[in-house]
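Got a structure here, written out as structure tokens. Questions coming.
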Amino acid sequence: MATVPLIEYEDAPADVRAVYDDIMRSRDLKRVNNFWKALANHPPTLKRTWESLKEVMADGALDPLVKELVYLAVSASNACEYCIHSHTAAARKLGASEAMIGELLAVAAMANETNALANGYQVPVDEGFKVAQ
Amino acid sequence: MATVPLIEYEDAPADVRAVYDDIMRSRDLKRVNNFWKALANHPPTLKRTWESLKEVMADGALDPLVKELVYLAVSASNACEYCIHSHTAAARKLGASEAMIGELLAVAAMANETNALANGYQVPVDEGFKVAQ
Amino acid sequence: MATVPLIEYEDAPADVRAVYDDIMRSRDLKRVNNFWKALANHPPTLKRTWESLKEVMADGALDPLVKELVYLAVSASNACEYCIHSHTAAARKLGASEAMIGELLAVAAMANETNALANGYQVPVDEGFKVAQ
Amino acid sequence: MATVPLIEYEDAPADVRAVYDDIMRSRDLKRVNNFWKALANHPPTLKRTWESLKEVMADGALDPLVKELVYLAVSASNACEYCIHSHTAAARKLGASEAMIGELLAVAAMANETNALANGYQVPVDEGFKVAQ
Amino acid sequence: MATVPLIEYEDAPADVRAVYDDIMRSRDLKRVNNFWKALANHPPTLKRTWESLKEVMADGALDPLVKELVYLAVSASNACEYCIHSHTAAARKLGASEAMIGELLAVAAMANETNALANGYQVPVDEGFKVAQ
Amino acid sequence: MATVPLIEYEDAPADVRAVYDDIMRSRDLKRVNNFWKALANHPPTLKRTWESLKEVMADGALDPLVKELVYLAVSASNACEYCIHSHTAAARKLGASEAMIGELLAVAAMANETNALANGYQVPVDEGFKVAQ
């Protein structure tokens, strides 16, 4: 259960509705997800988070599916139940196969394992990894 | 400074050398990185970690560059200095452009931000995200 | 569901009751929260944690509301469902407005984002930040 | 050492200089910190992060010093060396006393402790913490 | 609810059944736990994870109960609800008393507290802790 | 470099010296480590942390070496450079062999891996793991 009420479109003030409209239009949705309905309790966070997310997740040097998979990897590492569900669903909507999700979680999990090993032994960075400044 | 000595090839026992040889051959390297030289203090961990990593990072439903980028995203979230350096270098070696690394870190960072928001408000998972069992 | 039974006042041994009494008196509560009922399975942890918390959260150079907000920020970063609920409730009881909670979570989330960026690029600490020893 | 070159003002393209100028003006600085010089390798991240940070850290329902202290608390939990140094310095510049920093870190650390206890026992959320929807 | 179907023995392909059989035989179980039924959606991850876990958790320089307790400590720090439940149950099956679990969680929680303090103050490593290379 | 001065015995006020004396006596040391010299900037945190640690790490249902190993496992997961060095040194002083440290880090790392998998698939807790209340 959320620590704030989820704000539905019909109960939202004009500035929140404007963001909801943009989300539904951009993502081709009939209604916004609970994440946005919770953020709407603080309209500046709703607006800024949506605008940042729209920019960051847009097609660029990395395609949107790769970006969704990266989002899922980080969310799995951070134990964010909501985010794991929403980004798994988003990745599938963008065409992720079950094999892709399986490999993605295997890589993310392995990264958590070797992060603990590299930190646990305090391995010094190889000179060869460093970039010229 | 590592909490264990880094074991060089010439000082390594036969089972460690066999792993080092496979790493150098598979990755086309003249010598192994410090990570492996630290793990060599516990040969079963060296062997198992290398074999797991070789399997997980192989070309599959996701290509090796995407996997390196995912590795970097998780390592950045986990504050693993060694892993950030090694996987940034590995991603570049596989052809990652600076724009790709820039977008990758922007996505990873944004994921950390919205993970904290979704957790912070304890947003309930939308019914539509759930899969049929 | 907890991994241990929750110990109610009437079932508690004398040393646990003494801590429960102090919690209820200090916090002006009719009964202790589930957190304490779980810790009561290990009485030394119950006593030490309560005494530490009472000391740390007392009015001082920082006031109790700021301390509750900091607690919520850390709990949101750590995905502690229980703690997020309990410290949101505690902050509201101490007078936190919804705008304060909204700003607090925005700051905490942003910190998680820029932590990942600073770590992800391994930004070196500016000389100017360092204190004279 | 950063994984990217730090971009100095004199070597920066026009869009980066515009952000640097705004940072220096807003914060009354003679030059920007290394964090921004690293982000400048990906100008959209530089611009978006600065604009978000400027908005989030502005005076509001919470004052700027409280916000810096919250930032430090999260950064300490996340092991972000750069961020710990920069936000400790920023908090002091805004007037934080050593007693405030001491209490802040005590609260942040205690939150990490009880987060692990509440998660470790999987304590169920008290009914009384839940908000009416 | 899992993001993938849980694969029961009767619906599993031969390679998955072979792993299930080995798990049930090694652990003396009538059926495998949900963790394995989820991993079975990606058979290479199922097989590799089980083989790694079997090797890592075997009796060695540390006994299996100590290993389960360490697993629980890390899982509590990482907010992994499933893992906290499964490793608490496993530790009890191996003979962990309630006092042992109580002390274990107290140590794990305290480690999270002092980690935040040592990081928060950026305490430099004592020369005396460093090993000769 | 620490964000605070490290306070040496000769410069310490009486309440800090009293804690230093107890640490040196209890641990049979000639001088206290840097961790305590940093905490001494906030004497109540120094005193409370030392007293808690002394209680938590004492011999009990778990022996001190197991407790040090658990501490190291959590510290490795949390990327606490100082704590990894100090608790590796402490474990060795209590008799930990290199094989024990190797196995410990292998278990801790594996826990981080399977935590990410269990969270990443959102595996539901098995009924059999739950305790009767």
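All chains are identified by letter, namely A, B, C, D, E and F, in their written order; residue positions are counted from 1 within each chain.
Note that in this section a contact is a pair of C-beta atoms (placed from the backbone, for glycine too) under 8 Å apart; a residue touches a chain by one contact, two chains touch by 3 or more.
Only a predicted model underlies this, so the values are computations on that prediction, with no experimental measurement involved.
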item	value
Given subunit A and subunit B, the chains that contact each of them	C, D, E, F
Most distant chain from subunit D, judged by the mean position of its C-alpha atoms	E
Centroid comparison with subunit B (C-alpha atoms), farthest chain	C
Subunit B and subunit C: spacing of chain centres that average the CA atoms, whole Å	33
Separation of subunit C from subunit E, taking each centre as the mean of its C-alpha atoms, in whole Å	26
Numbers and ranges of subunit C residues touching at least 2 other chains	1-4, 6, 41, 44-45, 48, 52, 56, 77-81, 84-85, 88, 99, 102-103, 105-106, 108, 110, 112-115, 117, 119-122, 125, 130
Chain contact graph, described as a line, ring, star, complete graph or other shape	complete
Subunit F contact footprint on subunit E (complex, rising order)	1-4, 6, 33-35, 38-39, 41, 45, 49, 52-53, 56-57, 60-62, 66-67, 69-71, 73-75, 77-78, 80-83, 85-86, 88-89, 97, 99-100, 102-104, 106-108, 110-115, 117-126, 128-130
Sites on subunit A touched by subunit F in the complex	72, 76-77, 79, 81, 84-85, 105-106, 108-110, 112-117, 119-122
List of subunit D residues in touch with subunit B within their complex	3-4, 41-42, 44-45, 48, 78-80
Subunit C to subunit F touching residues, read off their complex	1-6, 44, 48, 52, 55-56, 125, 130-133
Touch list for subunit B against partner subunit D, complex	79, 84-85, 88, 98-99, 101-103, 105-106
